[in-house]
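In the two complexes below, chain A is the common chain; its partner is chain B in one and chain C in the other.
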Partner chain A sequence: MDSRRFDLLLILPLAIFTLAFLVLPLARLTLEAGSGPQGIAGFFVIVTEARFRNSLIVTLILSIITTVATLAVATVAAQTLANRRFFGRGLLLSMLTFPLAFPGVVVGFLIILFGGRLGLVGSVTKSLTGTNVVFAYSLFGLFLGYLYFSVPRVLLTILAAAEKLDPSLVEAARSLGASPLAIQRDVVLPALFPAMYTGGALCFATAMGAFGTAFTLATTVDVIPMLIYTEFTLATNASMAAAISIALGFITWAALAIARSRAMRDVSGA
Partner chain B sequence: MRRQWTTTAGIVITALLTLFLLVPVLLSVYAGLTVNYARGISAGFTLDWVKQVWALYSDTVWRSLVVALMTLALTLLIGVPGAYALVRRGGRFARAVEEIVTLPVAVPGLALALAMILTYGGAGSFRQSTLFVVVGHVLFTLPFMMRSVIAVLDTIDWRTLDEGAASLGSPAWRRFLDVILPNVRPGIVAGSLTVLTLSIGEFNLTWMMHTPMTKTLPVGLADAYASMRLEIASAYTLVFLVMVIPLLIGVQLVAGLTEKRTAS
Partner chain C sequence: MTHAATAPQRGSSISTRALTKTFNGNRVLQPTNLEIEAGQILVLLGPSGCGKTTLLRLIAGLETPDGPDMIRFDGDDVSGVPIEKRNVGMVFQSYALFPNMTVSENVAYGMKIRGMERSKRDAETRRLLALVGLEDYADRRITAVSGGQRQRTALARALAIKPRVLLLDEPLAALDAVLRERLRVEIGLLLREFGITAVYVTHDQAEAMAIGDRIAVMDRGRIAQIDVPRVIYHRPANDFVADFVGTMNRIDGRVSGGVLSLESDDTGAALAVGGPDRETVLCFRPESARLANGSAAVRARVVASTFFGPTQRVVAEVTPGRRLQLDLPSSLAFDPGQIVGFEIEREAIIEFQEA
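Then we have the complex of A and B:
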């Protein structure tokens, strides 16, 4: 049949590319992870070996704190920007979303300009109190970098939801005497929850896998992606690097999958 | 009035956020154009750092452009027909394929790069070529192109268009080229701009996959951040911004246009 054959032709390039450069390499990665000195146990090295476990815990905590902080800031900013028309709104939105295109290395460098040895914060505190405050290379600097690249993407997601929220609902709650916090709890946040799940999961997954920012800041704390990199290039331990990669990939994929099914359920339940 | 303090707090937080995102970028632009960053404005401004960056790193700029265009060509050839095929087919199979193709968005770039190197590291000439980096970029950007095209296909009645053309005796491939493609053009344009922007900024995959002969702009940036003085690093960042910001403006213009079209 003509249309059958045509459908096959349409999907052929995609099938070849995906099999050759995605499915096959991921299978090879899995094989490599199981071929280390520990064999199958190599898959669990991320939790069984203290050094890797500590790194996993630091990365998880950093990613969770980043997600919570990003959601808080983005939810406030989205509500402030939604349904408010003012001069320069388009420009402001553009500026808030430009960092989406910055690679992690650039974000790391921006944090150095902000809180590094020649940084803005340091030179201000130096002229005020005489001490040069440097935080770019600490865990706090890393957190600020993660916040920098997380806020724009989460803000876009929540802003889209906030603009769909009917202002008359908030108005009604207010005229019935509800306090601002009660309006948030009972009216606004329930409506934004699906977007917050999706945005939050995206933020968490990106933070877990972020490499460039940590690479530029060269922090003493080893986040998981840095660990994969050093394990592969410096220790030339491919099977260990592969095992950690698979664990990390599984965590980020699961976070996104859970949030997606959750958000879908909320939408269909509403 | 209680209403006012929450509104004021919201405006203050949004303003602080804007400053947090914007000030470091302005600092970087300023540092790239100043004679001596440590001495401040009094030292004056210069384009010398930008010239030095061009002398040292112009090859990475050209390579990034070439990689981005090759990535775009491949995502168009693979992604657009693929997206149409998945929408035509529908059902569980199409969802499963979409899930697999979207994996590179969920799986960290480092893991994908490692998988590619383990699989094709032995294939000397492919491993050494720019094409290796391009394949990595296609892996990462393909889901964005496909999603953008699928989103448009979902809003148009492609089945009626296709069947209408078929009843007039047009063969399947002509219907795809002459009827379907023009109708999904907004999705293709939006997807293309996204692919170009992502490719020019891609670091995680490229850092692992590049060789000394296939350095892209972000790889050069990482190199400059680690080994060059602050002014050169900043001037290099400025070159990156000049390349990527027009693309971002394009993305937003296209998004605004399609929004208007669907609203009217």
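Then we have the complex of A and C:
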């Protein structure tokens, strides 16, 4: 067997996987979407029809805010944890992976226990001020839920990069007179950027498509994954569900591509 | 490296008074008094863990001394001044160049932070890059230049802020041997041309000799000896310095009637050193041995020899087990088992009081 054929053999499992779980379903989905009453135009209902468009905007804003908040929390925490050794550090880091093990539905329940009608926050505020503060079923509840499962994975990604950062880079910048803010801007954040991008992209994509948490909490708000679910099961409009699915995938992909190209331009300092 | 016109910068004098540093109850720097004149280059030389890097970082302001008023620049107490305000140039072993900036952006960074006008900054960056011979690499990314070029970029970046003192922490340790040897000559010349006060940390004695106006040999948190390279090499203050700097031979024995005598079959030594009768250790450098015939002071049996070109390093035993290293002319062949006779000038013999 020559080496070329051997290479093909190595890539075969991935090729089969891609074909079976990406190309074929997407093709089927595309056909399904195009076979609806609106035909090709079905792909664009996500922007042409007000109900879908509003839902898309809500989902996008929620995902962007979640990503920004996650990155902010994770970047600060990663830098704090990176160069400090303290008792219980290993335990803390392993506990951070804990939320990763929860399915979205469980995260949803946790948010309800926290901010639901009989939740912790509600009981406390009721006894203090007399009003029962409930936010679990709002966009804010969704945001908290997304934050809960996004922060750990993004934090671990950025932490790995922060630990690899050469401390003499910061010392060199200090010797040149750079303030802590300038050091963040010119030295630390550029060095952490690839990890922040990877983590942020993961966070954004997850937030755009998260279903379990949304299913538990989104009783009053319509995020796109809920919309797909409703179209598919309640309205039994499979072609519409398929069209929205493809549009959601495409928009998520495009948003990540734009973010990547912009960010890469920024980091190269051109 | 080109020699663009450089206005001598001088820099500040540095003095430390009973400077100490304690980490977690462990005193890594014993009380240290140090005087470095403006424009001088002091090399801190020693094995790892001797405190040389701690001393450098204290001078830099990256570590805080144990007490107040322990470090002065030009007579001003800077002990409490943070590194951002201390105006020191630093060069690191890992280069510590900003990978997201080009060569010239790195050099200009300190001036940019200081708010220097763009046109002045660009002109100064060009001047510095020319000085370190990197004018053709100004727009290269850091990852696209060699290790030697990176270290010269780091040097230019440190000099760009017109520092009061320049501090170099093993700047050549990450380079390969050939490049290291070339760069240590270049850096030595450049530092003298700039006339800046510099403290240079290394564990490489050849580098220390080439660069330092003075060398401070450090051992277990204290300065074992501080002097010009010639004295450090030829008149080491103690055993540790003698051992750490260059190769040193030792002959231990009893001096009686002013002569240290050793006998073993056809080898032996009779070194006339004078003084009272005593147990002692006499030391000498390999290159102090002069071939001699007949009644040579020392006769030793050759064990092995290594050819270096101009000289050869001969390992010989004066008595079984007492090995000496001798640098002898390479024109003569010395075979194992052969007896070699040599003399050592009285001035070249070093005897430590406590030995």
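What we mean here is this: the second predicted complex is superposed on the first by the 225 of 270 C-alpha atoms of A that agree within 3 Å, B and C clash if a C-alpha of one lies under 4 Å from a C-alpha of the other, contacts with A are read in each partner's own complex, and residues count from 1 in each chain.
We adopt the following convention: a contact is a pair of C-beta atoms (placed from the backbone, for glycine too) under 8 Å apart; a residue touches a chain by one contact, two chains touch by 3 or more.
Please read these numbers as outputs of a predicted model, since none were measured by experiment.
K.L.:
Does the superposition put A:191 against chain B (first), chain C (second), both, or neither?
P.N.:
A:191 contacts chain C only, not chain B.
K.L.:
So which one touches more of the residues on chain A, chain B or chain C?
P.N.:
Per-residue touch count on chain A favours B.
K.L.:
With both complexes superposed on chain A, which partner does A:229 reach: first (chain B), second (chain C), both or neither?
P.N.:
first
K.L.:
May I ask you to decide whether A:179 touches chain B, chain C, both, or neither, giving the answer as first, second, both or neither?
P.N.:
It touches chain B and chain C both.
K.L.:
Looking at the overlay, what does A:44 touch: chain B (first), chain C (second), both, or neither?
P.N.:
After superposition on chain A, A:44 lies in contact with neither partner.
K.L.:
On the A-aligned overlay, A:96 touches which partner chain: chain B = first, chain C = second, or both, or neither?
P.N.:
It touches chain B, and chain C stays clear.
K.L.:
Considering only touches as defined above, state whether A:120 meets chain B (first), chain C (second), both or neither.
P.N.:
The first partner, chain B, only.
K.L.:
When the two structures are overlaid on chain A, which partner does A:140 contact: first (chain B), second (chain C), both, or neither?
P.N.:
neither
K.L.:
Enumerate the residues of chain A that count as touching chain B in its complex and touching chain C in the other.
P.N.:
Comparing the two interfaces on chain A, one with chain B and one with chain C, the shared residues are 174, 179.
K.L.:
Chain A touches which residues of chain C in the complex?
P.N.:
60, 62, 82-90, 92-94, 96-102, 105, 109-110, 113-114, 154, 157-158, 161
K.L.:
Which residues, counting only chain A, touch chain C once they are in their complex?
P.N.:
Answer in residue numbers: 166, 168-169, 171-179, 182, 186-187, 190-191, 267-269.
K.L.:
Would you mind writing out the residues of chain B in touch with chain A in their complex?
P.N.:
Touch list, chain B to chain A: 2-3, 5-7, 9-11, 13-14, 17-18, 20-25, 27-28, 31, 37-38, 74, 77-79, 81-82, 84-86, 88-89, 97, 100-101, 103-112, 114-116, 118-120, 135, 138-139, 142, 171-173, 176, 197-198, 200-204, 207-208, 218, 221-222, 225-226, 230, 233-234, 237, 240, 244-245, 247-249, 252.
K.L.:
Taking the complex as given, what residues does chain A use to touch chain B?
P.N.:
2-3, 6-7, 9-11, 13-14, 17-18, 21-26, 28-29, 32, 73, 76-77, 79-81, 92, 94-106, 108-114, 118, 120, 147-148, 151-152, 174, 179-180, 205, 208-212, 215-216, 225, 228-229, 232, 238, 241-242, 245-246, 248-249, 252-253, 256-257
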